[in-house]
Structures are given as C-alpha cells and as structure tokens.
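Each chain carries a letter (A, B, C and D) given by its place in the written order, and its residues are counted from 1.
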C-alpha cells in the first residue's frame, strides 16, 4: 500500500506528506528521484529523517520528526509556507483519514467528545493541494468501514479527495462516486465491497493487483 | 527651516523622510545621532547619500537617490516595508505638501488635469505614521498660500498633519486649527498671517524665532 | 546616524507584561519557542493571559508551565494534541480555546502586523471552523472574513540578534516568529547570540530591527531547547 | 530525493506568454527590474498586456519599451511620474491606468500569492483612491475591500538563483519580486548568477524554489541595469 502510493508521485512534483502513514512513503522513493517535499512548518526540500543522535534541534517536520536538508532546500515562515499551499503550488498531498465520503468529503481531525486537538494545517492541505490522496486502512480498528456514503464526523474539507490507497484497494472518487481501480494481492473484490459502506463501481475486465 | 525640522527628530526614533525637501534633513543630523531612517522601497538604517561614482546600482531610496547602509541596516520586501508603516512602527514622517488644511488634511499627490503621477507610498505614510510633519514653502511659486481653511486638491489623507515647517514659520495643527509656534528670522507675524489663508492663532507672549 | 542598543535584562523586559495581556509566543513545537522568556513569565506570575501560539507544546515545556500555573484564560491556536493538560483544561472549561486553520492563524497574525483589519478567504468556509464568521462576495464568489490578530506583547526566540533587534532564525525555528514580530505593541526577543551592529548582513536579516523593542541575551539554553527523545 | 533543474532559454520562457496576458514585473525604479526579460517580451511582441508594476521606469528603460511598442493595454501601478510617455498615454487614453497606494499594491499582490481573496484595510478609504470600493464593518469600524491580484506570468530579477529556482535579491532590488513570485501562475526569474544546488544556504533564500517555474541565466547586464546619471 505504501509502495503503491509512492508510485503516485510523478517526477518534478511538490508534495506534502501528512503525519502518520503518508510520512512513510518517503522511504519508497529512489535517492535520485526528482521531487520536492514540503512541510508546513517551513521547509521545502526535506531530506532523510535522522536518528535522535544526529538530529538538529531546530530542524523538524510538522509531525515533530527530526529531518534533514538536501542541496536546494529552503526555510521560510509559516505565512509563506501556507501561501505555497493556498496559491496552488502543491501538486499533491497525501493525508490520513477517519472517514472519506463518496463525494470526496474528508474527515480527519475531530471525533466530537473524544478527540479534538485542532485541525493544524490539514484544512488547507485538503482544500488547496492540486491533488489530494488519502492513505488509510480500509476499515477502523473495530472493523468499521472508513469509505462511506456520507461522512458522520466534522469535515476537514468538502469534496477534496481524488484517490484513496488502503490496505485492500485503490479507490478513485469520481463524479459517479467510488470507483475500484486496483486490489491488494490476496484480497477479493467481494471483500472490498463488503468493507466499503457505499456504492463501489467496478472496472470493466480484469482488475489490477498491487 | 531644514535645520529647525531636523530638531523634530528625537533620539531612538524610526523616521521616513519623503522625497524633496524632507530628504535634506538628513544632512543636519550629527553622525552619532541615534535614529533609524526608513525608506519604503525596503531599507531601515539609511546611511549617507553617495555620489554616482561610489553608488551601488541596487541601493536606492524611494526617491531614486543612491544611498548607503550603516551597521545594523536591514533590507526587506515592499510588503514588510509598509507593514512597518501601517502597524505603527514609524514614529515620524516628514512630507512635502501642495496644500494643508487647518484640520490637518493633506494634499500632495495630484493636481487634476496637470499632474497625476499616482500617490506612491505617500497615502500610507500620511495616514499611519505616529507623527506627520510637513516641510514646504509657505506659499507656492505664484505666491498663493499653501496653508488653507480647506484643501481644494484631492487629499492624500484626512486630518493627518501634526506640524508644518515652512520658510516663514512653524505652525501646529490643533483641534482649534492652525497655531503659530515660531517664526523664521527676519519674518514678521503679520507677514505669516498674510501668507496664510486660514485663521492662525498666536502664542501668548513673545514668539520664538528660528 | 547610529542605531540604538535595545538589550535588556529579562526581568525588566517581562515586567512590562500586565495581568490580562494578550501575548503571542513564537514557535512550532520546540523550534522557535522562547522557553526562557516563558519561564520568567511563569516566575513573575501575570494572570488571565490570552496566549496566541501555534501549539501548546508538550508536557513540562513552554506553554505547559503557564497552563499548570493557572496563568492562561484563553488560547488561540491550531493544534494542542501533544499537550494532555491543554486538552483536559479545554474539556473542563478551565481555559477557553479558539482553533484556527494553521495557515489562517499565520495570516491573521500577519494581517495584524501589516496593519490590515482582516483578510477574506475561502479556507474552512464549509467546515465548523468557519461557522458563524461573516461572509461577503468578492469577484462573484463567497469569501469569509477572518479578522486580524494583534497582541500587547510578542515573545520571540531568535538564533542571532544584533543589539538593535535585527533577528535571524535557524532552520524551522522561524515559523511564526517573524509574523508575531510585526503584530504586537511590544516585542521582546530572546537570542542565543547577541552580536554588535554590523555583524548581521542586511540581506540576511529575517526580522528588521524596528519591529523589535527589547533584546534579551540567553547565557545558556535549558533542556527544553534540546532534541526531544520520544 | 533530488530537486529538478529549471534553467531555460529566454526565448522559450517568454514564448509562453500570450496576447492579452496579465504580467507582473518586479522592480522599484531600476533595482529589481527584469530588463532582459522585458527586452525579449518586446522582441516577441505579445500585445494587449495588463502590466502590474510599482512604477513605469524612466524613458528608454524597461516598461517604457513595452509602452513605446504599443504592447500595453492596462497598467496597475503606484507612480508613473518619472515616465513622460506613460503620463502622456494615460492622458490620451491610449492606456488604462489603475493607481494603488504603494503598500496596498504590495498587499494585493501578496494576497494573490497567499491564495487569499481580498484584504480589508482603512488605507485611502477617505480619498479618491478608495472611491467606489466596497466597505464592510470589522470589529465595529468601517474597512474597505481591496481585492487580491494574480497574474498569468511574473517576470523577476534575482541577484542569485540556484537551478531549482531558489532566489536571492540584492539590497533594495528585492522590493516587489518575492511578492510577485508567489502571485502568478507561471514565474520566470532572470538571475545574474545561476548556482548549482546547495550553493544558496537554506536560511538565506528569499524566494523558495517551488514558487519559480523557469530560471534564465543573464550572461551580461545591459546598460539599463547600471547607475543612472541624472
């Protein structure tokens, strides 16, 4: 799933990888792959994550991981950082999710009464990146589907999600709703349908396996 | 008049000197006087004006003069420059004038049909500097008063002027209108009154001469 | 012309803060947080503060001391998930918390610093973060008013300062610091190094000196500034 | 990960500009004006342009060539007093000129670059520059809407660039360049020196590379860049 998501990144893109699963995508990019990674706390050109003993105390990503620079990195303030996001310079963001609706609505920041830490930079990433993909397990820990007809939680942004990578499948959000594109090795189409709480259109012909 | 105006600058101030007469004030400040001069094209800590042969082609003030830096100067963009002005960090600006009204209205950027080059940075300097003083001849070239009951030209800013230095007098703008504070050597109070097209209140007792 | 020296003793700098003040704090996580200035604010004990900061730090660090000491009435922030005390005090109603989208908090602070009244944006307009905020039409599309934020005092952390208050920040310690430097009536910067005038190249200054009122030299860095071992 | 090389031939870079385009030009007077890119735009002759620039340069320089060549339909600016041709073309109606207060032009461009819809300000509200602009109440006081500006293309002048498009400006040549770098769909920077990746320290970058699409190396500087002898 992570390595499949990494193939979503085209050469030359500017990409923001959200906290959690998306951050792991970086480990699946070749060292000479031309891509500019952005973190919203003020850095373009993120280099490899460093172990604590090699860390620079002033150099973190938005998730608090100690990262490094590469030749051509730049530091900037928080206003410039989100100017980059809101003015459309971010080609792609990969975000985690609590729920995704078939119209592309995303909920990933608040579970009322349980978890309300604030949305951080997620609202602007979801609303303004040119392409928004979600990396998430297909169901939550109790087995409840995360791909739904409608979100039940407070939204991060409306109609923002383009594609979803899960442990079971690759699903696109289309004007007609969820469309199954690929399935994970060892998973059946019926299992994906059963784990999805919305209509799921199937491809004509044989389905790709990742 | 210029040297009198220079005494308006208190130690530690941040000051913007407008194009024309105000720029000359800098020549009347002692080399060790603690003041930070600002120019709206992006510099705090202006040093002496340089002759063309010593000039840096990238280092001008807003009037196009080739200036220099001093220890502690900083360069910044135009948005930061006017943030400094609008957020109240400019203690004093000295501006030229076509007309000043007794309520402090200032007109210094447009003579309809004759001269309409645009207001440049003048509107924000006039409206937002903590203290606005005008340096100007008392009358125009044809002898017409510049201190008026009401401005006739398009305004730069309303009610912005605190004090006026002219070749004839120092005049304050008060809630009661123009108040004569000082007169130039060799000028009589009657001459100032005659050259002013508005009520002018006189000081009790003897008037200072500059 | 010469530029004045703004170096100040930390006790005197923080003593200018009053009960009920609105205080901006630089920093995103550890980098850029003025831990030493915050410690002095805790020692002096000003109360009923409104704090504007990206996050609430973690347990035992920065903002957490102000919360533990009961000095905070209100917090304007983007994310407090790493500070259990902040979450608990929000839930119990001990503090009032206003959440912003992160880039909108940055823009609201910057707008205050730029002498603007507000910005008009479409961010979060269709979510609960935008509920109740005024809308107007701009060029045929709906936009939401986000008002400018200003503070009585901003506390900043710089890597290097000169005595006039020109500031340079290190790496991702820049974050909200240069924005808050413009947006407060009184700006106090702590700096790891305070240099003579002329030692910061004018093209490399991140915050110009005229925005800064007082510069506090840090003689040593406490553990809070270090790498966090999780 | 490595960062891509954006160096481009000037002919190819400027060929992307179409008739009728809105073009932002960096510069305040001479410093920061992309004279070489402008010369190429004159050579290629795209017409009906809307130009956004602080000023109209002086006779025989920069914007003046575009005006003389009849390529400009509209100019959004703060001051054109040093260019008699611009004043004459304004008076004769040959070009349409929109004047802004200088800092408001900077903020409108920046707002475009920051993905905002507009700003709310009290600047020029009581003068003819504010006539006809919408007003709304913000925190009990009236404020005026100034809409964000964006362009199809921005032409910038940098002192140093790296091949990824990180830019550094020299002295007062910075001015509008970093703002316009954020505010156009396509950003072309000419640079006096184009350096390999890693030669610009990340803390000293003025415009981060992701905002820039193409970098043009200046092999020589024309007379226009020099000190003006008045």
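In this text, a contact is a pair of C-beta atoms (placed from the backbone, for glycine too) under 8 Å apart; a residue touches a chain by one contact, two chains touch by 3 or more.
Keep in mind that what you see is a predicted model, and the values were worked out from it rather than measured.
Contact count check for B-C and A-C (C-beta pairs in contact): higher for A-C.
Spacing of chain B relative to chain C, judged by their CA centroids, is 35 angstrom.
Between chain B and chain D the centroid-to-centroid distance comes to 29 Å (mean Cα coordinates, whole Å). Rounded to a whole number, the gap between the C-alpha centres of chain C and chain D is 32 angstrom. The residues of chain C that reach two or more other chains are 107, 110, 114-116, 121-122, 169-171, 202-203, listed in rising order. Within chain B, contacts with two or more other chains are made by residues 43, 75-76, 79, 82-83, 85-86, 128.
Chain contacts here follow an irregular pattern that is not a line, a ring, a star or a complete set.
By the document's touch criterion, interfaces exist between A-C, A-D, B-C, B-D, C-D. The touching residues of chain D, counted against chain B in their complex, run 28-32, 54, 77-82, 87, 90, 97, 99, 101-107, 109-110, 121-124, 126-129, 159, 169-179, 206, 225-230.
In the complex of the two chains, the chain B residues touching chain D come out as 39-43, 52, 55-62, 64, 66, 75-79, 81-83, 85-86, 115-121, 123-124, 127-128, 154-158. Only residues 107, 111, 114-122, 134, 136, 138-139, 141, 143, 145, 147, 168-171, 202-204 of chain D touch chain C when the two sit together in their complex. Against chain C, the residues of chain B that register as touching in their complex are 11-12, 14, 26, 29, 31-38, 43-47, 69-76, 79-80, 82-89, 128.
The touching residues of chain D, counted against chain A in their complex, run 1-4, 110, 112-116, 162-164, 166, 182-183, 185, 196-198, 200, 202-203, 205, 208-211.
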